[in-house]
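Below, chain A partners chain B and then partners chain C, in two separate complexes.
Take a look at the complex of A and B:
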């Protein structure tokens, strides 16, 4: 009996620790210049969920839907025209691309762009399961990001 | 060509003499009767009948139709255009990059006489709501006129392919594109803009065919001076009378981003000198952000060709909440309506009703449903009002289930055809319903201004599309071919009593105009979402031409390589067409058939 309680206790502690990691916020993040210092954005549930909000507010949904694409390419698959690394997605959002992607560098802070890029990475589940969004607040339209199978991106153009 | 016209006239005279009541009996207006075997306008004539008097192909021999030649555009985007035939030359306009090809019909294998590359701005691809399509060109007076995705209207010398003029009309920086086929009416070219999903203010412009200069331009929202509403404006219903309704039926400045675009069909009556065109959906889709009737969106204008001044207007869907653009085709007919000769226009509308309007006054004579509808309960012919069903109202942060018809409508832009021989309107259409969830949305220039998540799905009866023959005078369905997939191709009907249309999985079909019986079919390499045409070839025989190439709103799941797991993809259309993935491939190709 006591060992069972100990196990449950240990499990609870582990849960709390995982939860802490999941909700860890970095309040002093300066504008990172490259993915080497920006990777934490896609390891943090808070940043990814902020990215999801911004993705809606900036009308990304209108072109890319909830990952399936439309006017713009799909973001939840493994096919990337301009590359699917965090850095490449960040650069695509910041600078735009010639076949219709607008540049957001003048409208959003660099942190916000990293957050959206991190959320985009969660759509094909290139991020850890525990930080990917796990529910949809509106109409259920596809499996939650955290429940999608993990993909490994095929790299497109450099 | 002259010989052809003479033969036709003598034929008409013979029939008239035999029947003795020709002028009274022919439902085609006089200006739509002549047929020289060419196909110079997308809808055949300015009455938009898509009726060919050629009769070599008939129900008895249609099974002998064989492929004559093909021509590949080499593109993987939606091919929505009607091929045009002028003399011995066929013209096709491709989706972006909007290349124009002139094909020599006198030589085997469709030799290219010339091609023209307008080089539209690549960024225009990012502001085209529903694939980078183009609905084709128009020909008159030695000129081939067409529009480009980045908002230009261009006229070419049809013989040489040399540029005559180009006029920049649209601004892609605010999401404004042009996808419609221009209409040439007398000495003017009529063009309108697309962008109802980007908060773009809709307009129609008349350019001089001679030099491309703008003769007039009329907006579909805003103050009367912008809308070209003046003393000659006499709408039939009281609701549409008053000063500056294009401002006062909106809140604040919403009319400036309110849509009402002109991306569909334009008709023209030279006797009344009136131009008819529908206006697109109001923006954003989330209607809670724009209380009011949202004039002059989701309706129809009649305007004087010379001045652009509005004559009348009728609103199909006041304060539209379902993206029900009013831009579908208007077929101009002269009917004996309840014993009275009436100049009418017939309009199968996205909201699910076939409207018959008096085209001199804008009075609604009839509005009968041609599909299952639960979003509205009919049209009050006294007030002209569409009677909405409050149970199917959509709103912010709320999901409304099972709305019929869907956002793309009972019928989208794919044009119907009318035969004066059968009195039937051949309507290609969908049978879809939807769930919609409203979301609040901000206007950011050049980005989508929609505010809704959609799931589109199969309608009642287990089929997603149908090809319906509608008895215009009887105001009821005559026959219907149920199709498993939504029908997104236009129709063409002939004096041989054969109707042609295509399906999303690539079948090009000939059915009997009186029976709906399948006479012949051919499997093309891709899905068909274009406009078939019928013409007399250089050898005097009847030919049928159609472009195949999946895309458009319905086929974006293929043409834009979408991930079909997201049911909201392509504004919810993925739920209705996601099963095309793996079955239909991209392949823009022209197919031409004749009897063998």
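Take a look at the complex of A and C:
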């Protein structure tokens, strides 16, 4: 009996302790010098969401859509023309690539380029699930699922 | 004697805290528009009547508590006349309460209905809330009369002004207490607010809906001007940015337009066209930086550009690496954009 209480107590303490580690937001990290120190950008939910915001603001959507591609290549698949590591994506955004990818090196700070690169990595789910954005921040054009008209179940589906 | 001194100290300590609420430029008790006058009148009627009722009730209660009761007076011993008199008093007070509440409801209904009645030919200003600043666009059917500014709203006195309120990210709320009540700015939904300023003055406003880390540093200034002054201001705002007047300013313009500043900020006439940050075409004419965070002085601006995250943590403006010399040039250029 008392061991059951002890187990419940331990479980409760563990549950409370889970809440203790809150993701830190480092507003002023300073520019990282190499890919080894830049890796934290793809482990940080705040950086990835800032990357998502910048992806919209810089109109990356215009060519790459929301990852599916269009005028530019798709970003959510595993086909990378110039490499798919964080460092390679960062370099692509910073220096530009032939046939239309502009260079952002003079237009964005290095931190911002790392953030966008981290967000691009999250599109193909190359980042941990707990830091990747789970839903679009942008306004939705269709109604929320709970507000759509009720569908009747289809019987005998394949 | 000791208790009296203690009470004096308490009063002395409380006075600044109470007086802090009396800042004239941001107070509902200093109404400066027709709409704010109506709201303030409602406030004072409610406060006066409720205070009066409270004083009378407490006075009656104290009187009855302190009055010596006749030993033989119980409900059973009351004669018929006394009983009916008590019933009449209670019924009268209930009726009086009901009348006061109905009058309050009617007063509140007609006052707030009057606030949303559209005025003739209002000046249209679109205000868009963003984390954490205000975009202000003066609308007009003639596209050459349209311009954009930020965090500082000039309005003419005596003419109705309609604010079209929207937001780009989260819900904000537009509140200039001297001029009008609050109204929310909601992404994907347009709200509006109409007011007519009585007399010239500067009134401070503040975001009144918690919107994130820097909610408290999301302020704006409403400058009510005479129609002639407003017209002159408007004509000045419509002009493109002043060309650089010195070598230092020319360097500042070059760095601004070719560097990362222009990615987010517009300076019309100079070739900078970013739309995600405040329009800086006439930055030098504004009185504050970063949505009311600091006064617009060259040293404050230099500190702000050097490290925005230190002064307003979480803000979307990044820390752009610049030498002191280059930053000085950008500051000189921006401050000259009157």
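The rule we apply is simple: the second predicted complex is superposed on the first by the 112 of 158 C-alpha atoms of A that agree within 3 Å, B and C clash if a C-alpha of one lies under 4 Å from a C-alpha of the other, contacts with A are read in each partner's own complex, and residues count from 1 in each chain.
Convention: contacts are C-beta pairs under 8 Å (C-beta built on N, C-alpha and C of every residue); 3 or more make two chains touch, one makes a residue touch a chain.
Just so we're clear, the structure is a prediction, and the values are computed from it rather than from any experiment.
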Which partner does A:76 reach: the first (chain B), the second (chain C), both, or neither?
-> first
Taking the superposition as given, does A:141 touch the first partner, chain B, the second, chain C, both, or neither?
-> first
Answer with first, second, both or neither: which of chain B and chain C does A:58 touch in the superposed model?
-> both
Return the chain, chain B or chain C, that is in touch with more residues of chain A.
-> B
For A:101, is the partner it touches chain B (first), chain C (second), both, or none of the two (neither)?
-> first
So, A:112: does it touch chain B (first), chain C (second), both, or neither?
-> second
Contacts on chain A seen with chain B and repeated with chain C across the two complexes | 57-58, 107, 139
In the complex, the residues of chain C that touch chain A are 169, 187-188, 258-260, 262-264, 276, 307, 309-310, 313-314, 316, 318-321
Interface residues, chain B side, partner chain A - complex = 122-129, 197, 397, 399, 435, 437, 439, 441-442, 444, 446-450, 453, 455, 556, 560-571, 574
Once bound in the complex, which stretches of chain A touch chain C?
-> 25, 27-28, 31, 53, 57-58, 106-109, 111-112, 137, 139
What part of chain A is in contact with chain B in the complex they form?
-> 56-59, 61-63, 65-77, 79, 98-102, 107, 138-139, 141-143, 148
